[in-house]
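Read from first to last, the chains carry the letters A, B and C; within each, the first residue is number 1.
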Amino acid sequence: MSIIQSFPLVIILVLLITAFMMPLIKNTKIIKGISLVSMTSVMILALINLDFVHKNGEYLYRIGHFNAPYGIEFRIGIIEAMMGLLFTFVALMIIWYSIYSIEKEIKQSKIGLYYLLVNILIGSLLGVVYSNDLFNCFVFIEVGTLASCGTIIVKDKKENIKATLKYLIMSCLGSGLVLMGIAYLYSMTGHLNINYIHAELVKCYLIYPNAVLISIVLFIIGLGVKSAMFPLHNWLPDAHSSAPSSSSAILSSLVLKAFVLLLIKILYGVFGMDILNHFSVLNIVLILGSLGMIMGSVFAIFQKNIKRVIAYSTVAQMGYIFLGIGLGTNLGVSIAIFHIIGHAVTKSALFLLAGAMIEQTGHKSLAQLKGIGREMPLTLGLFSIGALSMIGIPVLPGFISKWHLSLASIAAGDTILIVVILLSSLLNAVYYSPIVINGFFGEENLQGKVYKSKSKPLKELMPVIFLVISMIYVGIASRGIINLISLGLM
Amino acid sequence: MDNIIIILPIIFPFILAILMATIKFNEVKRNIFVSIGVILNLIFLITIFYMFGEISIHLIKLNEFLDIYLKIDKLSIMFSLLVAILWIFTTFYAMEYMKHEGKEKRFFTFFLATLGVTIGIAFAGNLITLYAFYEFLTLTTFPLVIHTDSKEALKSGKKYLIYSFIGATFVLLGMILLFSITKDITFNAHGILPALTKENRSLYLLSYVSMFLGFGVKAAIVPFHSWLPAAMVAPTPVSALLHAVAVVKSGIFAIIRMSYFIFGAKIIKELHVNIFLSILIVISILLGSFLALHQENLKKRLAYSTISQLGYVLLGVVLLNEDAFVGSLLHLINHALIKIVLFFCVGAIMYTTGKTDISQIRGIGKQMPITMGCFGIAAISLIGIPPTNGFVSKWYLAQGGLTSGEMIFPAILLFSALLTALYLLPVITEAFFKKGEHTIVKEAPMKMLIPIVMITIIVVLLGLFPNILITFIQQIASEVI
Amino acid sequence: MEGLMNNYYETGSIILFGIGFAILLLHNNLIKKIIGMNIMDTAVFLFFIAKGYVSGKDAPIIIGAHKGVQGYINPVPSALMLTGIVVAVSTTAFALALTVRIYEGYGSIELDEIIKMRSD
């Protein structure tokens, strides 16, 4: 039992403890410092943990030395370790960015509260990812929901309140369904630990086919609501567009991903391939994912507010992940997880840059953001790189996900899906290109704009530059990453 | 890693483009910088060809498919030399022309970048590299198309982007289907695919048609041609570049690579798809010429003429015999030269007089004799009258049509030649044989005139002494068919 | 049918769940939505706790001698549901606080009226 094995627990504890220290301190500078330091240290811990798991293989960690199934257990495999690193890295970049911009969006007195909520949120998301016990996951889900609602409402505008309420109600709906699903599973198997449930379920699913089917559907719908599966995504555009930019970034890139990762763990860890194929429920996920891919982009085309465009784009991208899950093959799931990684870094960069543009110009609508390329060239340039990844230019992670998803569709026998995937990426081009083109080109757009007049200083854009560089790195190192994921799925 | 030298002609223009964008140049320094740059690039190309011959290099292997592979073979040599030489002429022409258009810095930045991308397309050794550089080509030529930044330019630019991305999506569809059959998409002279069987027939068919149409968007096949006349809103050096060298010929180059070096002539014959595609191409040839007759604007007339002429080249590709292939490659080169001359002349008229329509150029032949004279020679070449190079390529194409057994193809070639005469000769008659206004117009400036004259001389020379070129192309053809 | 009648706790909880779900989705009034959410959560608690019941056994409190594992009902679901109840309470509190703020901002707690007042 090396000390490194307890790092995941340490990470969550550090985040929660530092979170509760924050309301006690009045000086905002110190609060920001603590937040940065805590996130950096947990990122380093996650990195060491990933390295350890890579060398030594996955392990189970008992909390409090109570053995499963009576005690709670963390299962740290390669995928969980990678997700830990991803979440802490992206969160670190977002917090770094927010240090400069948060004053402009929320009141001074609420800043301590904000960083508390962010730490709790990241801690709970990591808990969802690491935990091997279903009820423990449920508790972390609830904590995460409340914390994420908090990060939206901390900005005190009317639209925020409405958006938060919608989000809260839909989330509680989802949680209720998930809890019911857990109840069904407990009543059938008497366990709450994922490995034990799987062992029991394999023996008895033929005896209670209806109950197993109902519990699968409950989990899919419950977690689908929380991770914006079409058509349960209604809460997302309001919530992500009205929140402060760093909250939108965290919500879009991390929160949705933790829940969809839990869905993957439940579908493939608790139920397993045999049961899923017996009931053919994955087809629902497949169809809803394809619909989400197309409809998300179609809705995005009609939006006038830049943050809403990016929010609907998130709905479309989550559709890709559901498509990967719904294919029902190892390759499909690997690509879904790869897309989680790629999308997390890309979307956070896009939201932060959109936030910078809104903050400097005071305008939210696309019509008023024309010509911004001359005023903020670096910002829009980075945005274009992110947009190119969404459109699917080779070398960037968006293209790699699309290509592999198409190959996985052919391998699974659903060749028609290639058309859906390619159509969706074409639609992406339709709404991202005008933002970039109207920003950089067009005489009437550029009239009266002074070069670099509204640019943010370089040090404030550094976190976004890091995110973009890591996005390009994910694209280039894709083969290694996908191999690692496949290894973890064995 | 010795073969790393192969990336030099691709990277060097990119470095120049970056320098162009970041360093402040005054006009003289900029002109010297760009001209030395493109000339050096040509020298690099020739040196590599002489010293190293046909080398290749796996640049980056990211994945089993994402493998950037550069390879020089005879076809690449032909295309890249054509590109590099014509780029030099265009540079000198543009140095003068862009004085009237402004924003030279942006223009030359993307001008240089496009050169790098086009040579990348020439050197692509497998389908994924070709696709990657193809997408980059759209991105680097877009700012050139919307150079004037007017509302109309933005609209045409949007159309260009939409068509290009839809084409790229079709190509991607074909590539993915292909990849599911064979993991290796490197170009090889006789095609790399396993033999045609009943099971994979529909897959091959779908993949081929999809990629043909996808690349065909850039090669302006009907019905994907309308971006080309719309793109005439760009300044003339851009139109000359797009229509003679970079974009449309890249599309055709990609189709040739895809047809002969991935599928192979044998499989295409067995698929019988060339019959259907040839119908589409014949429509392009005829429709292009018909629509050209109705255009008042000189540049639009030349644009529709291009659509028609590209049909000739593609016809030679799908006829699948050696004569036709030789004719097609010859016409690729010849049309590039001819069309550049025609566009440069029209641009010279626009530069000196500001006139754009055929009705406005009465009597201009008397005042700009050299310009219009070169236009005349190029027009004669396009119609296909000896002793110009257009005649040689049309001859081979007609031979190829005869060999294929269908009499209809040479007949169409003849009919289209008639139409070509019908839409080009009026320009010459208006210029030379009508009385014009008496305002004094000067001949075009030297920097514009010299490239026009030099290329016209090449046009005539290639008509009189075509053998060097023909022998080289016949070597390529024999490897392939 | 017989199965439903025998397991009346579970049947009742599912009916309650459906009622709570319907209230949550269909009613306009925000307070009613919150009540519906509570009913739904309570239904799940009922289901879970009922699962822990073993007929004929005692509550898990040791009075006098320890009867061994066989003598008591399963205490785990009750313990789990305590956590669940806490979560439901905190969510309800949060939702109610939000409702108060909405009332201050929009002057109404009927959802259709609030959606109409999207402006500003």
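Simple rule for what comes next: contacts are C-beta pairs under 8 Å (C-beta built on N, C-alpha and C of every residue); 3 or more make two chains touch, one makes a residue touch a chain.
In this text, all values refer to a predicted model and were calculated from it rather than measured experimentally.
Give me the ID of the chain with the smallest distance between its Cα centroid and the all-protein Cα centroid.
A
Going by average Cα coordinates, which chain is farthest removed from subunit C?
Relative to subunit C, the chain whose C-alpha centre sits farthest away is B.
Would you mind pulling out the distance in Å between where the CA atoms of subunit B average out and where those of subunit C do?
70
How many Å are there between the centre of subunit A and the centre of subunit B, using C-alpha atoms for each centre?
45
Which whole number of Å gives the spacing of the CA centres of subunit A and subunit C?
So the centroids are 28 Å from each other.
Can you name the residues of subunit C that touch subunit A in the complex?
10, 17, 20-21, 24-25, 30, 33, 37, 40-41, 44, 47-48, 51, 77, 80, 83-84, 87, 90-91, 94-95, 98-99, 101-102, 105-106, 114, 120
Can you name the residues of subunit A that touch subunit C in the complex?
Touching subunit C: residues 135, 138-139, 142, 145-146, 149, 153, 158, 161-162, 164-165, 168-169, 172-173, 176, 179-180, 183, 186-187, 192 of subunit A.
Per the contact definition, I'd like the list of subunit B residues that touch subunit A in the complex.
Answer in residue numbers: 60, 62-66, 128, 131-132, 135, 139, 143, 146, 148-151, 154, 157-158, 161, 165-166, 169, 172-173, 176-177, 179-180.
Write out the stretch or stretches of subunit A touching subunit B in their complex.
Checking each residue of subunit A against subunit B gives 391-395, 400, 403, 406-407, 410-411, 418-419, 422-423, 425-426, 429, 433, 437, 441-444, 446, 476, 478-479.
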